[in-house]
Structures are given as structure tokens and as C-alpha cells.
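Structures for review follow.
Same chain, two partners: chain A is paired with chain B first, then with chain C.
Right, the complex of A and B next:
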């Protein structure tokens, strides 16, 4: 365990760009699908059912790949990059909404910036270059590896982040009672733990075998949200 | 008679060309100047005025942090003071101060994208979303910062202080033309600003009367020249 590094990365104050993203909550609020704490609970259950397994599994798989390479790099830099290219392509295929791809990459780029400066490492250079940045789960996987965390811890931070982003956005957008929102997160902790454990357990599998859950309404909402003239959150 | 024409009120102090800070380190990138201040104090109008004044002599770009995403950027684009492609808007998730102080990643990305697309640049202006008197820029994001308040917010604002009024590299007290209409005493604001800011400069201005914000533009030229070892600024 590297408890303090783990807490640093899981902390919502870690400067990795997350505060500007509501992970679909702003769109759901505008559409009247989330208006109160019960609505937020349903929304977060949804996030746990489709987004968390994919995000956590790709984070854990990237972490495992990066950690192994960190211990035993191949001789050529390009060989080291191949598994990350595959992870990137598989996650891209699972992210059908262009708006959500962009949101993921922008958050990945922000996390990469913070990670590089917080835990310097050669591992970051293995991530595929993309003008908008690496996908967030890939950036998180490499950052957690650079920070010396375990695969389980990396999956846990990923699954937890899937919940805390929209929960924090709900406090800001709906003025929900922050104590009740924390109580809700505590009640979802068991489910979040299970998802993280499952994700860590499949981290060794080849990328195409990783979870591929999808939520068409979330994709459609994200595309509509991206066209709004006036919005508070980037996604 | 406008109050800021009254000779008993020193409009500007100390001489804005005199910078009490140690010289900036010489940069191999554009100078970044943050422009912050409360809602409605005239930040966007100041950015537009600076673009008007400086766009022909400095290679510049603008990042806006509007609460409503693109309102300020759209205003600047409509104002026609700068190529719209050189203006980027950053979303701030209901927390404009977070985006300029606590988690500056989206702003750094925007600045770097502009430098990549249009670089080399001399100057990037980063305008914060309208916030409160405690909102200041991170030193990780900007090299110098301007804090803008206006006389219609009340002449007590400088006395109330706060990190923006107290520590900004330049304090701009805006809309001096409105002072008689709102009963603001510029002399009081001047005295309180001196008390709060020591040697740091303060500029009183009215963009309605001076659409090129000439005193602030002069301060900006000075900052850019210093960062470049007096070489590039104003040279073309």
C-alpha cells in the first residue's frame, strides 16, 4: 500500500481538470431527469452500471501494462508503445460519442500534466500521442503506475472518480444538501468496491476482452450537450 | 465636470511604468497576463480595449473563463478586435476561481493550444470569469495579473481589500466616468488603494472615454518588454 499517494490521486482537489466535467449530469438535469437526491442516486447507479466497469477495467489494464514495462522494458521504445495503442483503440471503440471521446481525452491530458509533475516517470512517454490527449483511463493507469500504486488501487480510484465527478456537479447545479450527497456516496461504496475488484481481476486480459458496457441515452445526451450555446460544464 | 478630471484626484499612482516587483524571468514563450475581478467590473471591455490598442504591435491571443462558457469570447469575437480563432473559451464547471487558481489545467491547455496554433506569441491575456474579491490567478498560470474593480461597485471596495485588490500586480479602477452618478469618491478609493497596495500600481480609467485603455496598455507593453529583455516588444 502507498496510502498517501493513493489518497492524493483520489482527492477531488488533485488538479486534473475534473471540476469542469459533470459526466452527463448537467444534460440530465436540463432534461428534467435528475431533479433531486433520488434522481442523483438513480443517475449514479447508472454510472456504476455502465461507465465504472469500463473505466476501471481500462485503468487497471493500463496500470498493469505500465507497471510490467516499468520493471522490464522492451529494448525498443516503439515495442513498449504497442500495448497502449491497443488499449487506446479498444477504449475508443467503446466510446461511441465524439463529445465523450473528447471529454475523456481532455481529462486525460489534464491528468497527464498533473501526473508528470507530481510523480515524474518515463512511463508517460509510452502513451499514444493524440492532439486532444490520451483517454482518461489510460492516463490514470500510467499515473497510478508512476505513483507506485497497485492495480487494485488504480481500479478503485477510477471507479470512485466515476461517482464523485457527477456528485460534486449535482451539489453545484441543484444545490443538493452536501451531507445527503456524501451519505449517498457512502451507501454506494460497497457497489463501487465490487466494481473496482472485478476490474482489477480482469486487468491481465487482452484489451478486446475487457468490459464493453454502453448507455445510448448517455451518448445521445452528451452529443446534444456539446451543441448547447450556454453550458456550465465541459461535459 | 467629471470627478476624474478633478486635479485633486491623482488618477494613477505610482507611475505605472515603475514596477516594484523583481524583473520577470526571461521567457521563451508568450507572457501570460491574467485579468480578474468581480462580475460586471469591465474585464471583457478591458480585454477588448487592450486588443484594440496592442493587436497591431504584439502577437497576441486571449483565453476567456466565462461562467456561461462562450459569452465573453463571443463578445470579443463580435467586437472584431482580434481574429476569432485567437480567442478560446474554457468551461469552468460553476467554479471560475477553481479554473484560474486551484486546477489550472484547462487554461494551460488553452494557452498552449493557442501558442501551438499561432506561435510564437508575445502575449496571452487570460480573462477570468466574474467572481469575487478573493479570486486571484495561480502563478502556475499567469506571469502577472490585473485586478479590475469599478466605481459603481461602491467606493468601499479598495478598503475591503482581499487578495485581488491587495496583491494584484496592477489594480484597475474602472468606469471612473460613472463616479458622479453613483456617488463614488475617487479620492477615497485612491487613498484606500494606496493603503492596501503599498508600492503596487493602481490605474483609474474610463474605457468610455479612452477606448484604447492607454494607461493599462502602456503597463502591458512594459511587462512584455521586460520579459523579452526589451527586444521584441513594440519592435514590429
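Right, the complex of A and C next:
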């Protein structure tokens, strides 16, 4: 059975700053690529097929690494940071857009702040230091480990977050009926479950072998969006 | 068909590049096409249609210190389905020494209806190596939907990951031609430029569906989608 900690972290009200990001939907709406519920459905399918496997696999791999450290006898040997540095470098090489690298780190930093205060742990200290914060999947992986969740649960929260961010942004950006958006999310639930399970199943692999799906328009429109002077969402 | 092609380029000691090894086998034929510059240019000539489902083609490239190798193809390749639905695979493994340069500038890959294709490239750049790497994918021949194709590219620089990207198109992947991925464009591609001597620049918008992105490392990536191969090439020419 899932724990209350799992529900807390998956909840959009958890203060991790995710509500400030539309995951590319704002740019897609402005370009006229998403205008209605059917367009949102196609957009979310794309996010699930391309972004979610990468985000969920890196979250799960970080969770697994952090949980193993958490079970090992407590010491602060600097070698413990190496697996996190590798995960960080591999995710960086998969995030070709500077705007998306920054968005990931800003969200990671906000999540880290909330996680540290909610589930204090020495595990957070292993995250690579970066002026803009740790990448969001790494921050989420360590936070889920600190909260005592399983690798499967960590992957699930990550995949779910990829869906819910743009879905709630769609209600604000397009004025869609929230009931219809919830119905759409319910229809995508099975696909989301499958992607989370696949991500958890590859968490033990070397970071180089983790998924690297690229969605050209995600990178392209993130950079175009970053040049806007006025925008509702940070990404 | 299974085939292996091998190219080894070395500095000739007089400011030019010589091909220490140039060996192909059908359907991977190689031709040295001298152009009078210090670079060695090799054209890859497909002597059979394809790649066809079931094909396993490998290309191995080595570029030594001070050598400049340019590899091109004479025509677009068309990934076609095999009789039994098996996968076609083209893998390229390249290593470039410090002070060496590889320009991989093939024509487009067309994912024909029903294909099941994997293009797998691994590039190992030593510190100080330079690279131009172009990939262009056309989703289907004229008026047809593509089959399933994956173009997976992994580049290390000085032993650290520089680029990992895997582009998947085709009916097996929900949302592949939707607004989060290709937005209905039939052509997509990228040009990776690794040059440790180039000044780092900021990101640049080249058009409504094309950008130049500085990577974390001494490299930029132009990424674009377009309605057709010609418009796509316009963004990826250099």
C-alpha cells in the first residue's frame, strides 16, 4: 500500500514550485499547436512518450543510489558523491536546451528546499552543488529516498508530475473544462503507470544506458519561450 | 545483409590527411574523392537499396591527431521493411584524437512506411578533437506515413558525456508527430558542432522551428523541424 508520504510528494500542493512551469505547453499554445482538448491529449501523449521515461528513469536511478547509501553505515566519504555526479552529467547531456537545463535546476532547487524541511536527511548533501540547483529528477530521487518511498513510487511521482504540470497549465492557458481535463488524465493513467514501471525497472542500469528520448519541439520552443518578455509560466 | 566498413585517417605530415585504411564491403562501398584541401573526403555509396529490415551494417571510423576526415553519402538512404518484419540497424562508431577533426555529413535518412530501423552512433572525442555531425530524418516518402525509426546518438568529449539523444518516430510511439514532439513536421534534424577553440555563445533562435543551443561542453547543437528536407537543410548547412 502507498504511504501518506507518497501522496504528499505527488500532491500539486506540495511546495516544490512545479506550478510555475507549463513544460512547454505555453509555447505550444502561443504557436497555435495546441488549441483544444484533443490538442492537449496529443501533447500529453508526446510528453509521456518522450519526457517521462527520461525524467522517471533518472529519478528512480537517483532514488536507488540514495537508498543504498542510506542503508550503508554512515560516513561522509567523498566517493559517495561520484554516482550522483555521473547521473548529473548524463542528464545534462540529455538536456540540450539551456532554458530547459535552467528550468530543471530551478525546480530541483525549490524541491530540495521543501524536501529538506519536510524529511530531514543527510542524503541531500550528496547532490552535486550547482549555482542554479540540482536537476529536478536528482532532487526528487533523493527526496523520495529521504521520505522512505520505494524506487517504483519515486518513478511514479516523476511520471505523474510530467503529466499534471501541463494539464493544470492547460486549464489556465486555454480555459479548458477542468472535468474534461481530469477525464483525459484518467484515460492516460494506464500509459503513465507503464512508463513509471519501465523506468523503475531500468533504475539499476549504468546512467549512460538510461533513456535519452529527445523531442525536437520541446527544445526548440523552450528557447523561443525564454526570449519572451511577458509570460505566464517560467517554462 | 551484414557488412562492415572501416576508415582510418591520419595526418600525412605535410599538412594533409591520408587514409591509412579504407575498406568497405557490399552494400557499404567507400570512395576517396580528393578535393584538393587538407581534408580527406570519403563518399559512402550504397550499392543496394536500403537499409532493409534484417540488415546489420557497421561503420567504424578513426581520425588521428592532425587529420581531417569528411564522410558523405551520395544519396539519401531509405529504411525499408524486410520480409519478416525484422529490424534494420546501422551503427557508426567513431573515435577522434586530440587535434583531429571528423565531419560526418551524410544525406537524409528516409523512414519509409513499415520500416523498423535503428541508427546507433557512438562518438568518442579526445580532448582537443573537433566534430561536425549532421543527422536528418524524413518521416516517410512522399505522401506516406513512416514506419518506426530510432536515431540514437551518444557523444563523449574527454571521457565525459557531451550529448545523449535518441529520436524516435513512427506509429509505435504515441504522440510522435504531435505538438510536443514534431508538430506535424515531416523533417527533423540536428547539426552538432564540437570545437574547443570556438568562443562560447548564447542560444540563438534561427526560425520559428529552429534554434542553436550551446551544450554543457565545448559544443553547439542546431536543432530544427521543417516541412521538407530542403527547408530542413537550410537550417543545418554550414
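Operating definition for what follows: the second predicted complex is superposed on the first by the 228 of 235 C-alpha atoms of A that agree within 3 Å, B and C clash if a C-alpha of one lies under 4 Å from a C-alpha of the other, contacts with A are read in each partner's own complex, and residues count from 1 in each chain.
The rule is short, and it goes like this: contacts are C-beta pairs under 8 Å (C-beta built on N, C-alpha and C of every residue); 3 or more make two chains touch, one makes a residue touch a chain.
These numbers come from a predicted model, not from an experiment.
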Room on chain A for both chain B and chain C (clash or fit): fit
Check whether A:191 is in contact with chain B, with chain C, with both or with neither, and answer first, second, both or neither. second
Once the shared chain is lined up, is A:96 touching chain B (first), chain C (second), both, or neither of them? second
Pick one for A:125: touches chain B only (first), chain C only (second), both, or neither. neither
After superposition on the shared chain, which partner residues are touched by A:7: those of chain B (first), chain C (second), both, or neither? neither
May I ask you to decide whether A:212 touches chain B, chain C, both, or neither, giving the answer as first, second, both or neither? second
Chain B and chain C, closest CA-CA distance after overlay, in Å? 19
Mind sorting out which residues of chain A both chain B and chain C touch, each in its own complex? none
Mind pulling up the chain A residues that touch chain B in the complex? 13, 15-22, 106, 109-110, 113-114, 169, 172-173, 229-234
Enumerate the contact residues on chain C facing chain A in the complex. 152, 154-155, 160-168, 173-176, 178-183, 188, 190, 202-203, 205, 208-211, 213-217, 221, 223-225
Touch list for chain A against partner chain C, complex: 24, 28, 31, 33-34, 39, 42-51, 89-90, 92-94, 96-99, 101, 191, 208, 211-220, 223-224, 226-227
Hey, which residues of chain B end up touching chain A in the complex? 67-71, 90-95, 98-99, 102-106, 108-109
